[in-house]
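Letters A, B and C mark the chains in the order given here, with residues in each chain numbered from 1 onward.
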């Protein structure tokens, strides 16, 4: 059962087509990875899905409902939360206060929001930093915070934009474990990722886009072998050098 | 934390008892201290907490002053009620400004200039309205009575002004810890991220500006009946707008006690230097000092003096003040 | 007047373009220039038009000092905090003028002060005409300077991309200083041109700062050509409005234009994508 679908999504900037006729489904409970070379249009897709951009053509369908024209905050309230490629913490307030903003979108009272936030902070392993100002955190922890905040909105779908970028292998492994935990709780995840280790370890399916168009779809193993995918990343010369 | 409240209670009691010991002139200075602390606090709501810089806040003071005065002169309505009408008008105009600004995505500098433009346009228009005193302004008659919101001597004004200031502290504190306040801060910190977390930023921006405008205009009502003279250039003028932001910025932008601290430092300075230097024929010197002080504070203590005050008080209160 | 507005706005735009700082003390600097020019006239008998270069140089130095001592330090601060020192500076300058020279209006009586001539049935003020012509000449000079000279190129580079400029070895601090000073000097020139047309008094600076903003926004922030054209348009608009509105309300017109532009075309009439 598909919980989130993109149907013929197209977005142009000036004369440039950033995303073209892109369609895919995210199944409920699934982890789907969206990969592609830099500039392929992946973040644009996220922006269209989460309401930060309006697609020129095509629809976004969440839980069977068309999302046309909704504002980002409304989409979040419906149950789809996103993180940003370049993390956007609330710098001068504490980690707890950061997460509470997300929680307050759901909870009525501040006290309940606080409890929920503490739970999530615990879940994401940020307990020791709860009182620290967000801008004092190093990058890996900022990414955790971004994740925690999004979780606080009790999403059904999480859109993660390069959440592993800039992390060392150990940090990546920790994050993989955390994301698996989140997925086991029933949250569907769509992630944009360059860190292949994460893609292979987490995703059940992978979609590859290049220059805004889908060029491959399948399991991680299938996609990695796909000729067109290799060409997109490494170029025709590589293929011919390989004798293909 | 309780030590802190005890500390506040002591100061409050002291302030309550002061009028018994001070002469009228000094009481007058305190009236202004509380007044500017109040006004600075109301501005703080929009700029310090929500992050939208307003350099035209005098607009709301003016609206409050002129509305209550007009209602009092024309209908004999007591300013105690009149000020709420002033507040409503101020809020409506603020919402209009906010609608234009927030709907159209004006941020940063553009928003600032918008606030200036609104204040200036109002100033110019009011300067041309006969019923509101045109270029000469309005002089109020002195008919002291509670109904008229006019009193003999500074003592009653002292308590009213103090009341305003304390009330603003309580209100802002309530906002600060509530959902509304937290969303406002989120908007200030990163409006886009707030949106992604489900915050209806437009709605909360509007709430912030309306609250700020309403509260500010109440000060206008007070001012009219304390100074007894209304003139568009003072009430809507940029110099007032600038004056009112100095204290929160110097004291600590976006903090609860920032405007208060700022006012306790700057207002006596302003009042005393104005009196002192004007007598010596050195008009304008006090503003120069003012300006220089403001520049120095921003350069060397950008987060405001409150940071140092906190450090200073921490050992005395033996607990970390949040 | 349009030409003068254009000049003032040019200065402001330059400063904003390079450093992203809104010089709230712009008008007050112009007033300072006017006073300097006035006193040169009164004490030395040199006509303002002739002393223009000197005055501009003096204010250039003032601008340089202000930039290096003050503005440089606040470049990275959030905007709210940036506003305050410059506004305070304006306050300080304004009141220094008040302190030193008193609140009265002063106007130099030069040889050209009251001369007018007729074109057809339209009366033209000689002073205004000279102001206009000189404003255009100065603007052209500045454009050429920015386009051709080395410093000019550096300034434009820094305005376009500060980090890139640093990487290429441009001393951005010095460029910032120079840009600010140049912006100040431009506005000073505007002030000198204004002097024969309008008496100077300490408090008029503020209005001109606001007018400069309006023009800059109309023309597009950081777009120098737009600033000039915007100035001309505003000047014309203001003058036309006096035909059916009392003169004191003409600022309402300017502000209304400002608001409309900000709402519907925030990049200004000539601004490109930023």
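One rule holds for everything that comes next: a contact is a pair of C-beta atoms (placed from the backbone, for glycine too) under 8 Å apart; a residue touches a chain by one contact, two chains touch by 3 or more.
Keep in mind that what you see is a predicted model, and the values were worked out from it rather than measured.
Asks: Of all the chains shown, whose C-alpha centre falls nearest the centre of every protein C-alpha atom combined?
Replies: Taking the mean of C-alpha atoms per chain, the most central one is B.
Asks: Which chain's C-alpha centroid is most distant from that of subunit A?
Replies: C
Asks: On a C-alpha centroid basis, what's the spacing between subunit A and subunit B, in Å?
Replies: 44
Asks: Can you work out the whole-Å distance between the CA centroids of subunit A and subunit C?
Replies: The mean C-alpha positions of subunit A and subunit C differ by 48 Å.
Asks: Centroid of subunit B to centroid of subunit C, CA atoms only: how many Å?
Replies: Taking the mean C-alpha position of each chain, the two centres sit 32 Å apart.
Asks: For subunit B, which residues count as touching subunit A in their complex?
Replies: Touching subunit A: residues 177-179, 182-183, 185-186, 189-190, 192-201 of subunit B.
Asks: What does subunit C use to touch subunit B in their complex?
Replies: The touching residues are 22, 70, 73-74, 77, 79-81, 83-85, 87-92, 94-96, 98-99, 103, 202, 206, 210, 213, 217, 221, 246, 248-249, 251-252, 255-256, 258-259, 262-264, 266.
Asks: For the complex, which residues does subunit B have touching subunit C?
Replies: 47, 51, 53, 55, 100, 104, 106, 108-110, 112-114, 116-117, 120-121, 124-125, 127-128, 238, 242, 245-246, 249, 253, 282-285, 287-288, 290-292, 294-295, 298-299, 302
Asks: Any idea which subunit A residues touch subunit B in the complex?
Replies: 50, 52, 71-74, 76-77, 81-84, 88-93, 97, 100-102, 104-106, 110, 113, 149-150, 152-153
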